[in-house]
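The chains carry the letters A, B, C and D, assigned in the order they are written, with residues numbered from 1 in each.
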Amino acid sequence: MKTTLTEEKVFKDPVHKYIYVQDQLIWELINTREFQRLRRIRQLGTSFLTFHGAEHSRFNHSLGVYEVARKIISQFERSRYEQWNREDRMLVLCAALLHDLGHAPFSHSTERLFATDHEKWSCALITGETEVRRILAQVSPDFPEQVASVIAKNHPNQLLVSMVSSQLDADRMDYLLRDAYYTGVNYGTFDLERILRVIRPHEGHIVVKASGMHAVEDYLMSRYQMYWQVYLHPVTRSGEIVLRNIFRRAGELRQQSFAFPFLPAPLAAMLDGTLDVEYYVQLDEPLVQTTLQLWQTCDDKVLSDLCRRFHNRKLFKCVSARNLNSVRLNELAQMFDSLGIPAAYYLQSDDPGDQPYHEYRGGEAGQKLPIYILDENQTLAEISKVSEIVRSLSGMNQEKQPLLFYPADLLEERGIVNVEQWISGGGG
Amino acid sequence: MKTTLTEEKVFKDPVHKYIYVQDQLIWELINTREFQRLRRIRQLGTSFLTFHGAEHSRFNHSLGVYEVARKIISQFERSRYEQWNREDRMLVLCAALLHDLGHAPFSHSTERLFATDHEKWSCALITGETEVRRILAQVSPDFPEQVASVIAKNHPNQLLVSMVSSQLDADRMDYLLRDAYYTGVNYGTFDLERILRVIRPHEGHIVVKASGMHAVEDYLMSRYQMYWQVYLHPVTRSGEIVLRNIFRRAGELRQQSFAFPFLPAPLAAMLDGTLDVEYYVQLDEPLVQTTLQLWQTCDDKVLSDLCRRFHNRKLFKCVSARNLNSVRLNELAQMFDSLGIPAAYYLQSDDPGDQPYHEYRGGEAGQKLPIYILDENQTLAEISKVSEIVRSLSGMNQEKQPLLFYPADLLEERGIVNVEQWISGGGG
Amino acid sequence: MKTTLTEEKVFKDPVHKYIYVQDQLIWELINTREFQRLRRIRQLGTSFLTFHGAEHSRFNHSLGVYEVARKIISQFERSRYEQWNREDRMLVLCAALLHDLGHAPFSHSTERLFATDHEKWSCALITGETEVRRILAQVSPDFPEQVASVIAKNHPNQLLVSMVSSQLDADRMDYLLRDAYYTGVNYGTFDLERILRVIRPHEGHIVVKASGMHAVEDYLMSRYQMYWQVYLHPVTRSGEIVLRNIFRRAGELRQQSFAFPFLPAPLAAMLDGTLDVEYYVQLDEPLVQTTLQLWQTCDDKVLSDLCRRFHNRKLFKCVSARNLNSVRLNELAQMFDSLGIPAAYYLQSDDPGDQPYHEYRGGEAGQKLPIYILDENQTLAEISKVSEIVRSLSGMNQEKQPLLFYPADLLEERGIVNVEQWISGGGG
Amino acid sequence: MKTTLTEEKVFKDPVHKYIYVQDQLIWELINTREFQRLRRIRQLGTSFLTFHGAEHSRFNHSLGVYEVARKIISQFERSRYEQWNREDRMLVLCAALLHDLGHAPFSHSTERLFATDHEKWSCALITGETEVRRILAQVSPDFPEQVASVIAKNHPNQLLVSMVSSQLDADRMDYLLRDAYYTGVNYGTFDLERILRVIRPHEGHIVVKASGMHAVEDYLMSRYQMYWQVYLHPVTRSGEIVLRNIFRRAGELRQQSFAFPFLPAPLAAMLDGTLDVEYYVQLDEPLVQTTLQLWQTCDDKVLSDLCRRFHNRKLFKCVSARNLNSVRLNELAQMFDSLGIPAAYYLQSDDPGDQPYHEYRGGEAGQKLPIYILDENQTLAEISKVSEIVRSLSGMNQEKQPLLFYPADLLEERGIVNVEQWISGGGG
């Protein structure tokens, strides 16, 4: 196995120009039904409701992560770094390609509700009864497990882990460039080729040589900007909230044996918490979108209204909740209820604890492997120790911008025209 | 009505940087459920199976056509061309925005089978019982009809028609740039700003002043390249063929009262030829994709196999049919049938008469208003009369490249390994 | 005067796509000999020795500043901001176009030595006996003085001044984009169209509305990156130092009545400090480069050697001087002298006080008008008060990175091979 | 020799992102005074007078040609093409880097007058008493001659020649992309990476595999567009004509022992036809520009006027000469002479025989090695035999667009206002 293709295959890609496939194994993985399913999962969930260009899929991005990993390895091999073991090449390429395999439809809205943690499911699909596993197992019986362990971050060689999941990994390098390209914003455009040239393997880490620090600062600034301007955009958040409330309501109705006009088996399993690998592969965004379309006519008023909202993009409005304490919030909820607008589904303050994007945060340590700078004396320093700008970017993310989401149209129908004033307590 | 927005709204757009909305009417049209439906129709049908970047929607493109029309009008008004009537502004903007409203899911595969001609349906949605019609009617009772007549090309003022549908219209100018951007190819990148500067209204046409002829040549070369390299790509064609055969088979089964595992009402109406406006609005690509996913397990072997192929991108292979006459083709069909591979669904020669992309052709006259060059003496000439390169590009499109599509895997299972040789008559 | 051109003139420009000239006055100014001279002054001085792409001229940039000013005004007029007076349009356009008219050849190397402050000379050329003045005076007799006062920042209407010279002006907006384009770096690419949309005239300032703060942060980060990665690049600095030492030496020799093999009158006037407007117009970079080429064979060993270095890009090497105190620096100078390498011309520590680029610094107050954010309550705040990232960027610039420049080759010829070690005191 | 650098050097380049130098030899060649001189020769001669962005140098382009050659070789080596001999790598890289070494200042205006054929001089500099020769000779004593023979196209291995000088060579591939980038036009943007993938060495040629034909068509269309829209732009031609007439006049005056106010030795040698290698290296554009500036005040009215024109960009106007036969042209010349405007210097019809850009022509055979398409049966066909579009592009270039250049201002001073009408014989 690990056969080289007689002729390199290429995919035309707007971000990397071309994606080069040189190995039979990679080619076969791309052609599995599990990997093809990623064409039906959007890369940025509900962001397309804010940025109409953001319609690209996880398939699109996953090929890109593979390509960045291929470029990193190719740079390591051309530079003949001693700490890079050429035998790890295929393992890293597979982990890069497959790391998002387990994403659920609109995962930011559903992961918490239904325990569809995408990393866990990526591993499950890689090691379960799937085409992907069968292909990986051709390399060696434990190769699927090895690939999964790199993705799960518990592979003994943390260098491999950090190439796929760290503060400066193939995943982030691709998604910043790609999401910037498809949304059309300017922010994500750091110099990938230069980053590739200044990183190197060092004692189980990817480190950055000191003279490349400015290039990494630029990359981190890109991340900061993408985070605030794209990933956390209030309209995108509004879409996520509507969607989450749909699924929460559906889950409750399911427990009450509600007669859904349409409920395909994989979705039922999701609501019931009985998803298995086969059902998971069948879960995709067209299935969810079709279900929501058909639920518009169901007998539950809350569910049908929320589905109509998502389907036709009549989202919740959002205002700053900076001056809103929990007392006032409770009052508001009671007012909503008393107006016949159930606050449980129609009034949502954005709890930063709900923040699904912690991983985009500046240079925070902890769950993601940090970025190290390697100086001429071969000593390592965590980047925020040596870069004032990175320190500042990390601090920045602590800032809270609490928001309140609600359906302005329903309030208006009830005569509350100046909603913002009414919300802040001054009547409407 | 026709109120100006107090503050210009903008959409971030990767192709035009920003799309500017200055009118309340346009803003409301964008927010209708009929227009939002275009988010669920891909701009390039099955092209995403070839170019993974081509996942953008008709919504995306329709905003772009609107923006190009806005720019054309803005240039006309800044230049104070006498032949431009400022009162036609809103009519052209609406026609530009809405011209694709009636696209069916994967329209290139379904239009012929089910009479879902998108132009006709655009007009039906604009003048039928829709949110769009209600909003347009605020301008004047006959405004919806006027917008429809511009799209249907029978508006008395052919200048307005040619701004939206001609060889050099807002539609083409947007889609060449946009499709090139999302697929990542280099071809579609003509100089839009220069084109805008050299066109002007003249006796009911959009014409090009003589000194701008090279700019138009460049645009037409872009079109030629996009046509051959993107729109007619064999893999995209293969996807269309599989999809068309799915619907053809489903139509036949429907007539035999086949028990489909899932058949939502709008799709049933499509198969039955009883589509109305309401069902049409419900028809979208997630619905088709979900249906195909669920049909994978149906009792008809042909239908389930074809659905599996489309869903997992196991398409037909394609080879040149240049040396294949109808006698050999019949022989091939009999061989397929005798192998238990029904040729009616599994063997398809690409009849150029089936060509759904005639509109992309170079400078052909006829169904699309041609491009005129205006010289210093104010005389008009059709561009192919004065440009040798355009003449050459037009001729080019007569070239036939007949192809043959078939499932190589099924033949291989039956021991026919060297399919191409076998097809060309030499055994396998 | 102020006649509108019958047909808009356009310049093809890589940064703004096109530069639009709509006024006869602007067209005539561009065609003066003083403005055409800017084709012979590089925009980035010695940067082309570091970034080979940076060969663009002040002419190139000046058209760009004009175009950004035109876009700002056009946005102001479209938005009908009350605080913008349409009668100031031509004044701002002229000041934008002409603000760099007085740049000397390689100005960063010569301004301090020969009092060729470019702003002062821009005003001198605008109000002196020049084609530019004659054309401006057609508007009104005091119009040249008005244009000069905007450039000199003492015009009573500080709004006009801040459009041309402030922390967020047409000048910076063009040069960041332009210098990034020509050098090929990624850093300078902020979103100009968005900046244009969020700025507005307010009580004599250009201010930024609060919702646009992130866009301005992005612009300031671009500036920070361009500053460190391009404008202050050590190789560029090395070129400047060699050039300055050439002129310093030439000035001294001139006082000693040295027989230069070639000394054109304008250059003699510069060395003598007797420049007038006519000589100034004759001073350009080809003249300096030719002079340096011819001085390579002069009788003064220092001058000929330095000229050879600049002409053939055999610059000084540069090392960090972080650990170098003034005592050690004196020792080094003596060692240089004793080796027959006059330290006065061959050993240069980079005194930050010499820093010619203070204007590129983050958000510093003082000499340049600061950036104000305008919140919903119409109160102004200096941006570093409300943006942590800007505060951080401003602080950053206090950082010192002292460098030492010297001719490594001359030391090597004298057997000092390990120069860096030798410099830091450890012998070589 | 041929030592690999311990650390790859990179140049930031806007066109190829980075230029990678891996060999000590290449690094040393770049640092020679002969190669550094190319910084003082513009890539596009007088084009900067038309496109202000076109200020880039031959140095800039030469690095690019080297980089494209490096990429071609790298692709050949990765693909393990048998017909590529790895030992030829350094020879091709050196020829690519140095092929333009012998360009004279504004070569299109001076080559014919002073026999400064740049290819011949490139070879002379490579094999003469130069730093370049000394460095090349380290490889082997005959290596300079070998490099020269590749450039002179008489090396026995025509494959190497065709990599540097053919219809599809590293030179063209770089300059189309580069000139498009700096001028800012859209035309030159073909897909370099795809071209690299479809070319291969075959029997002493670079050939294109059949499936890559459309990519080459695209490249040739780019060339066609650049040719007509940029390289042959009338304003650029006007600049060349003024410059050529300056040198022609200066040559005549020199023969009459005219007392030039300034005449540096290399320029005197050029006028006298006695240029040698040392003088050639001293000839650069600043020297020419300075000379022209100083000649503005010389005693010859024609020379001083023409120099003033070039220096301040007061060029000749240009009109179509389509309807102008030689009789009328003679009449015009006499009228010019009688008005005191010597026709020999002030009236120039653009004789296509003078056309310096023949090499840009479509697919012409002959002096440049043609492009071959290699089909599946390994037979070669010249591209215009198989591509209708290429045939058409080649034909196109036969078209003549004769122009007439003259100083409109001088005629106007003499009361001839409507010059175009006067020229075409109708009085003014």
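Operating definition for what follows: a contact is a pair of C-beta atoms (placed from the backbone, for glycine too) under 8 Å apart; a residue touches a chain by one contact, two chains touch by 3 or more.
The structure presented is a predicted model; accordingly, all values stated were derived computationally and were not measured.
J.: Let me check something: if the centre of a chain is the mean of its CA atoms, which chain is farthest from chain D?
T.: A
J.: Select the interface copy of B-D from among A-B, A-D or A-C: the correct pair shares over half of its contact pairs, counted by residue number.
T.: More than half of the contact pairs of B-D reappear in A-C.
J.: Compute the distance, rounded to whole Å, between the mean C-alpha positions of chain B and chain C.
T.: For chain B versus chain C, the centre distance works out to 51 Å.
J.: Just curious, how far off is chain D from chain C if you go by their C-alpha centres, in Å?
T.: 32
J.: Chain C: which residues touch two or more other chains?
T.: In chain C, the residues touching two or more other chains are 17, 185.
J.: Over in the complex, which chain B residues touch chain D? Could you list them?
T.: Chain B reaches chain D through residues 185-187, 189-191, 214, 217-218, 221, 224-225, 228-229, 388-389, 391-393, 395-396, 399.
J.: For the complex, which residues does chain B have touching chain C?
T.: By the definition above, chain B touches chain C via 10, 17-18, 193-194, 197.
J.: Which residues of chain B touch chain A in the complex?
T.: Checking each residue of chain B against chain A gives 11-15, 17, 31, 33, 36, 39-40, 48, 51-53, 55-57, 59-60, 63, 181-185, 264, 282, 284-287, 289-290, 293-294, 311-314.
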